[in-house]
Structure formats: structure tokens, C-alpha cells
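Below you'll find the structure, written out as C-alpha cells, and then a few comments.
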Amino acid sequence: MSITDLPAGVGSALDSAPSLVYAARPAPALDAARLALSRDLVLAFRKRGQLLQPLAFFALVTMLFPLAVSPELSRLRAIAPGVLWVAAMLASLLALEFLFRDDAHDGTLEQYALSGQSLTWLLFAKTIAHWLLTGLPLALMAPFAAMSLGVAASAVPGIVLIMVVGTIALSLIGAIGAALALGMKRSGTLLALLTLPLSLPVLIYGARATELAIAGNSYMAPLELLAALAVLAVTLAPLGAATAVRISLE
Amino acid sequence: MKAFLDMGGYAAFIWPAYGVTLAVLVLNIIWARGSLRRALETARRRSASSGGNS
Amino acid sequence: MNLRDSRAVTVNHLEAENLQLWRGDRHVLKGVEFGLGKGECLQVTGTNGAGKTTLLRTLCGLMVPEEGRVLCEGRDVRADLPAFHSSLMYLGHEAPLKADLTARENLHYWIGVRRRVAAAGLDAALARVDASAWCERLVRTLSAGQKRRVALAGLALMFAPLWLLDEPTTNLDADGQQVVGSLIAEQLARGGAIVVATHQQLPGAVRAARVLELAS
Amino acid sequence: MRWTWFHRLASPPYLYGLAARLTPWFAWPAALLILGGLFAGLVLAPPDYQQGEGFRIIYVHVPSAWMSLMVYVTMGLAAAVGLIWRMKVAHAIAASCAPIGASFTVAALVTGSLWGKPMWGTWWVWDPRLTSELILLFLYLGFMGLRAGFDDTQRADRAGALLAIVGLVNVPIIHYSVIWWNSLHQAPSVLRFGKPTIPGAMLAPLLILLLGFTLFFAALLLVRVRAEILQRERTARWISETLSG
């Protein structure tokens, strides 16, 4: 991510004549969003410890069930879809804390809101970065968790696909909650109370699709419903998050 | 009367259900009136102390 | 050059009309009024808590006044906030810098979101605030004054016609204050407009065209 | 102007006075309808041929469930008006709705559970209606929790309003996904009612109660909204004039 590969714009504006100084071209919306996204990725890789937290949490929650229920794989297999989705929801909830908090604290969100760019797009980019860093790894890790619960390897592609679609919806719905919680001094458990009821449809369709995938049946029907939720979340959630961020800056 | 109170053996479910609903109705009246009374008291105190500026 | 871009680019006249704003029970802005032309600087003074920051945040549209308007070229800025925003630069108390990025990267991401930035422009802006020597260091290793300088480099790089500065000289040594002074002078000479909130004397030879004192 | 009534309603002093004048017009009919409806439901309506006297719980359960949903929709719409037009009184209405709706959601849950016990032998059945009702309770709690987290009424209003709107968009999605979920697991619905075959003598008290509860909500809202307006407008001059006058 070197600085020199930026497209050349106005050269050294500092040397330009006074009549030209304000001719700086605004960055196109997509470039701005891409920059916001790459910035979050770069930052996340400089603090790798934080990246691993949701994943470790996911693995830990999955591990609790064999200990709490029974080590018998046949019983674990029956509850595997529920375990995977509850663990994924909680892990994604945990990761939401990091989505906006730092940027709100140091004034980055304020600068985004005043950038002249669409805040909706910038926050969408941030949420996508967040999903790449938490949702996607969760989806990729889910097969291992599933197999530890006695799920056959043949179900793996299905599980990954369902998890990918589901975590997109979870990240986006969560973004609204995380943005709403910004204006408050202590968010604590409130973020869960705001986000979880709104993500229940994702849980329902996701778990059902996973159940079918594990049983070796066609899971297209619930997956389509899940995808519809994800599409709805992609279109509406960034708008909601942008409104929430503006409210928190007031 | 006894038959009415017994509700065909469902007394243990019907009367609590009606009781809870009536309690919610009554409590809502009390809460709403209480919040208005508190708001009025605060507003009165405020306008008495400040003379109602701006 | 690229003046066909209709979005913004000049601020010839900024005006505040009877701005009223409450924060809970506090009446923070009590009918603030002023006009500001190009090449002019308005200094906002007042004790802590008098509403200097609130005024700046209201001017740039983050806060919505309960009464009154902010006009740019005679039009309410709320009618087209993105256009207004692309012509202004707001610098708050804290520089919007990430501790885990270098000074240069910070500037690249921060300003790059708003306008196209070339590497040469970045270097020039960093040199302008005497940051060339340490601009590749992570911001977490920098002092408060150095962070402030990075923020000033952002200001120099953005070339917005309107600057809204909140205590720009905080944490700066004498040299740093000189930099602020000359940046402000340059901006005014170019025909830019500045609203600066500070209870200190403006640095360098800059004299504010108007001083607005907010009573607490 | 066609919109003058809208602007008048948006004016806090006008709405405050209007609410005070209108309250009895809703409160007394509500009291009459509710008492009459409960009497009719308990005494006049014939017992159900399947559920016996036990079906009489619908006369409290259905109106409570109706309230929980109607109040949420009212709250969401008021919140949308408040957020879009920056209208204080709309936020006051939305804020007034939440505790009323939450309390009736609790009533709907408790009465539903009391119905489930004799019909199914357990206090709780994961019936789609009860489950949706429970989720609705969490939505109310989230709204109230979010509002309580802000010191500043204005920001609480706006953040709460956004949440209410998001919730309003989500309520049908949640509802249908819960029904879909339930249909998979073939748990039969406990709370069967509202079929067109329901005899008139059993239906009439229900309709009376639905109307009564709705008017009751209107009366409660008018009282609460005055309290909220007073709290929001505490610095305005009209308040001291109204109070002293």
C-alpha cells in the first residue's frame, strides 16, 4: 500500500499559482471508499492480536458444547448448526466493538462526515473491511468447528457458502447497532440488546440452511432467503449506520 | 357464583390472566399520571426560580 | 485547470444568521451572527465552555442549530452539505491520526479520501511543517506537538477555501506556532477564509479581521 | 394551506393544550368499553366447545398482543416523522409509546403463557406468536435502553428514532422468519383464533375490547406526551405562561 502508486492528481499544489490553488480535484467516491477500506485493513494487520480475538472466541464457544452436552458425535452433530450460528453471532457481536469505536474516538468519523464524500459509502467500505477481517475468517473457520462436532467433510463447501452470506448480513446489521451505541458513554451489553433481535432472521435461515447442508440435502431455499436478507442489509444498513454516526457527532 | 369463579376448572389460568392485564392497565394509568405530575412539578419549580427566561 | 467541477471550490462569503443552540439545559449559542469575506479571518474567543467548539461544529454542519442558518454565498449550507464540506477543512482539538500508521500514511489516508493526492504534494506538505525528518515514524512514537504538526500538514495539503480551526496552536512550540501563523497568512493571502477559535493571541503577524467573543 | 394542521400539531404549546383537552374524550369511552368488554367476555360470551371456559383468556391476550404491535408501529412512524422533519413533538410521542408498548407486550406474554399451560401442559411453548411477542419485548427494551444511555434528550430522541425505524422495517421480516421457522418444526399453534368461523357472541366482546384498548392507548399517550413535551420545552416561555395562567 505504497503512497506513490496513487493516481497523479494536482501535482505539488503548494507551488502552484494562487489562482489555481483551490482547483484540487475531489477524489471520486469509489476511490475514497477504497482508500477507507485499505486503511482499515492496513491498521488491522498492524494490530494482529485484535484480529484473532473473535476467532478464538468462536473456537472457544464451539468447544464449550462438547464439554457441556456430551462428547458423543451423534448428539453433537444434531446440535451443530445451532452451535455454529450462535457462536458466529456472538463472535461477530464481540468484534463489533472495534468497528467504529477507535475512529469515533480520534475524530476520523468526524473527518469522514465532513469530507464531502458520501458517508454512507465510506461506512459501507469500513463495514466491508470489518467483514473481511472477522466475518470471512469466521466463515472459513466454521468447517473446522463443524468437523469437530462430527459433521461430514462433504458438508464443508455448503457451510462455508452459507456462513459467508450470513456473516455479511450480520456485519451490516451490526454496523447500525455499533454506530447507534457510539453516542453513549457505556454501551456494555446494550449493543447485544440492540443487535441480536434484529439479526434473528439471519440466525433462523442460516441455521436451517446449515442443518440441511449437514444432512446432505438441498439448502437452496433458506440460502436464498438468507441472501435476500444480505441484499436488503447491503442496501439499507450503510444508510442507517451513516445516519447513526451523524447523530453521534451532533 | 361459585361456578362462575371456578370457570369450568380454568380458574387458575383465567383469573391470573385477567389480573395481570388489569394490573398493566392500572399501572399504566399510574405511571402516565406520575410522569406528568413530576414533569409539571419540575416545570413549576423552574419557572418559579428563573421567572421563565427566554 | 480543473475548474469545471461545480462542487464548491470558493467561499466568497460566509455568514451566520442568529444561531441558537441548546445543549440539554444550557443555552450555548445565543444568537451568534457574523459575516466573513474572502481573505478574512474571524477569531472566536471566550472562556472554556463558552461554546467555541460548538460554534465551529455548527458552522460546519455537524450540529444543527435550533434557530438560525449558516449561509455560504447566500445559500443555506444545509441545502447541499457535501458541496459545502468539500470546500472546508475542520480541525478539532485532536488530530484525526491513527497511532499505528506513520505520519505520512495518516496524511495519505486522511486527505486522500477527500481529494487526489500525489506523493510530491504529500512531501511538500510535510516539509512545510518541518516533518520530513520523522514522517515515516509511527504516530504512536510522536510527541503531542509533532502530531499537531501532522494535522497542520493535512490543512496545508487539503487547500480548502474555508478553514475552521479549533485551538490550532495547542501543544506547539514557538517554531510550531510560527508555522501556524504563516499557514494562516498564506491562506488569507490566497483569498481563503478562516474561522479560528482560540483564547490565545493569534500567532505570527496575523491579525483577525474580526473578533467574536462568546459569553458563557 | 392544506398543511396548516400539520404545522399546528408540530407546535409544542398547541399540542400540549390539545392533548390536555382531548384526554377525557378518550379516557372515559376507553374505561366504559374495557369494563363492558371484560364483563361481556367473562359472563355473556358462551364457552368454547373445544376449549371450554379456558378460551376466555383471548379477551385479555388478544387486545394486549394487538397493543404491543400497534404501539410499536405508532412509535416507529412517529420516530420517522421526528427524524425526517426534526419535529420535537413526534419524538415526544415516540418516547411516550415505548413504556406503554413494553408493558402490554409483557401482558401478552404472561396471558399467552397462562393459556398455553392448560392447553399444552407447559408454561411456555415456542409458538410463533409467543416467540414474536418475546422478540418484540426485546426490541422495546433495546429502544428504552438506548434512550436511557444518552444524557441529552435530543440525541436520545434521534438515536432512538433511528432504532425504532430499523425495528419497524425488521418487525415483518422477523415475524415471517419466525413463522417460517415454526412451520419447519411443525409445532402446532396454540393460540388459534381470528378465524372467520368464530361465532358473533364470542367475537363481539373481543372487538369491543380491541377498540377500548386502542382508545386507552390514545388517552395514555396524550398524558405521557404532555410530560415529554414539558421536559423537552423546559426553557420555553410558553410553559411558565401556561402554568401560571
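Order of writing sets the labels: A, B, C and D. Residues in every chain begin at 1.
Going forward, contacts are C-beta pairs under 8 Å (C-beta built on N, C-alpha and C of every residue); 3 or more make two chains touch, one makes a residue touch a chain.
This is a predicted model, so every value here is computed, not measured.
Separation of chain B from chain D in touch steps, taking the shortest path, is 1. The chains that touch both chain A and chain B are D. Between C-D and A-C, more contacting C-beta pairs join the chains of A-C.
Using the average of C-alpha coordinates as each chain's centre, B ends up farthest from chain A.
The chain closest to the protein's centre is A, with centres computed as averages of CA atoms. Averaged C-alpha coordinates give centres for chain C and chain D that are 48 Å from one another.
Chain A and chain D have CA centres that are 34 Å apart. For the pair chain B and chain C, the distance between mean C-alpha positions equals 53 Å.
Taken residue by residue, chain C touches two or more other chains at 27, 64, whereas all remaining positions touch fewer. Those residues of chain A in touch with two or more other chains are numbered 250.
Along chain B, residues 54 each make contact with two or more other chains. The set of touching chain pairs reads A-C, A-D, B-D, C-D, using the touch definition from the header. For chain B in complex with chain D, the residues that touch the partner chain are 4, 7-10, 13-14, 16-18, 20-21, 24-25, 27-29, 31-33, 35-36, 38-40, 42-44, 46-47, 51-54.
Across the interface of their complex, chain B is touched by residues 34, 38, 42-43, 47, 52-54, 56-57, 60-61, 63-64, 99-100, 103-104, 106-107, 110-111, 114-115, 117-118, 216, 220, 223-224, 226-228, 230-231, 234-235, 237, 239-241, 243-244 of chain D. Touching chain C in their complex are the following residues of chain D: 86, 151-153, 234-235. Against chain D, the residues of chain A that register as touching in their complex are 176, 180-181, 183-187, 190, 193-194, 196-198, 200-201, 204-205, 208, 225, 229, 232, 236, 240, 243-244, 247-248, 250.
Only residues 1, 3-4, 6-15, 18, 20-27, 31-32, 35-36, 38-39, 42-43, 46-47, 102, 106-108, 110-118, 122, 246, 249-250 of chain A touch chain C when the two sit together in their complex.
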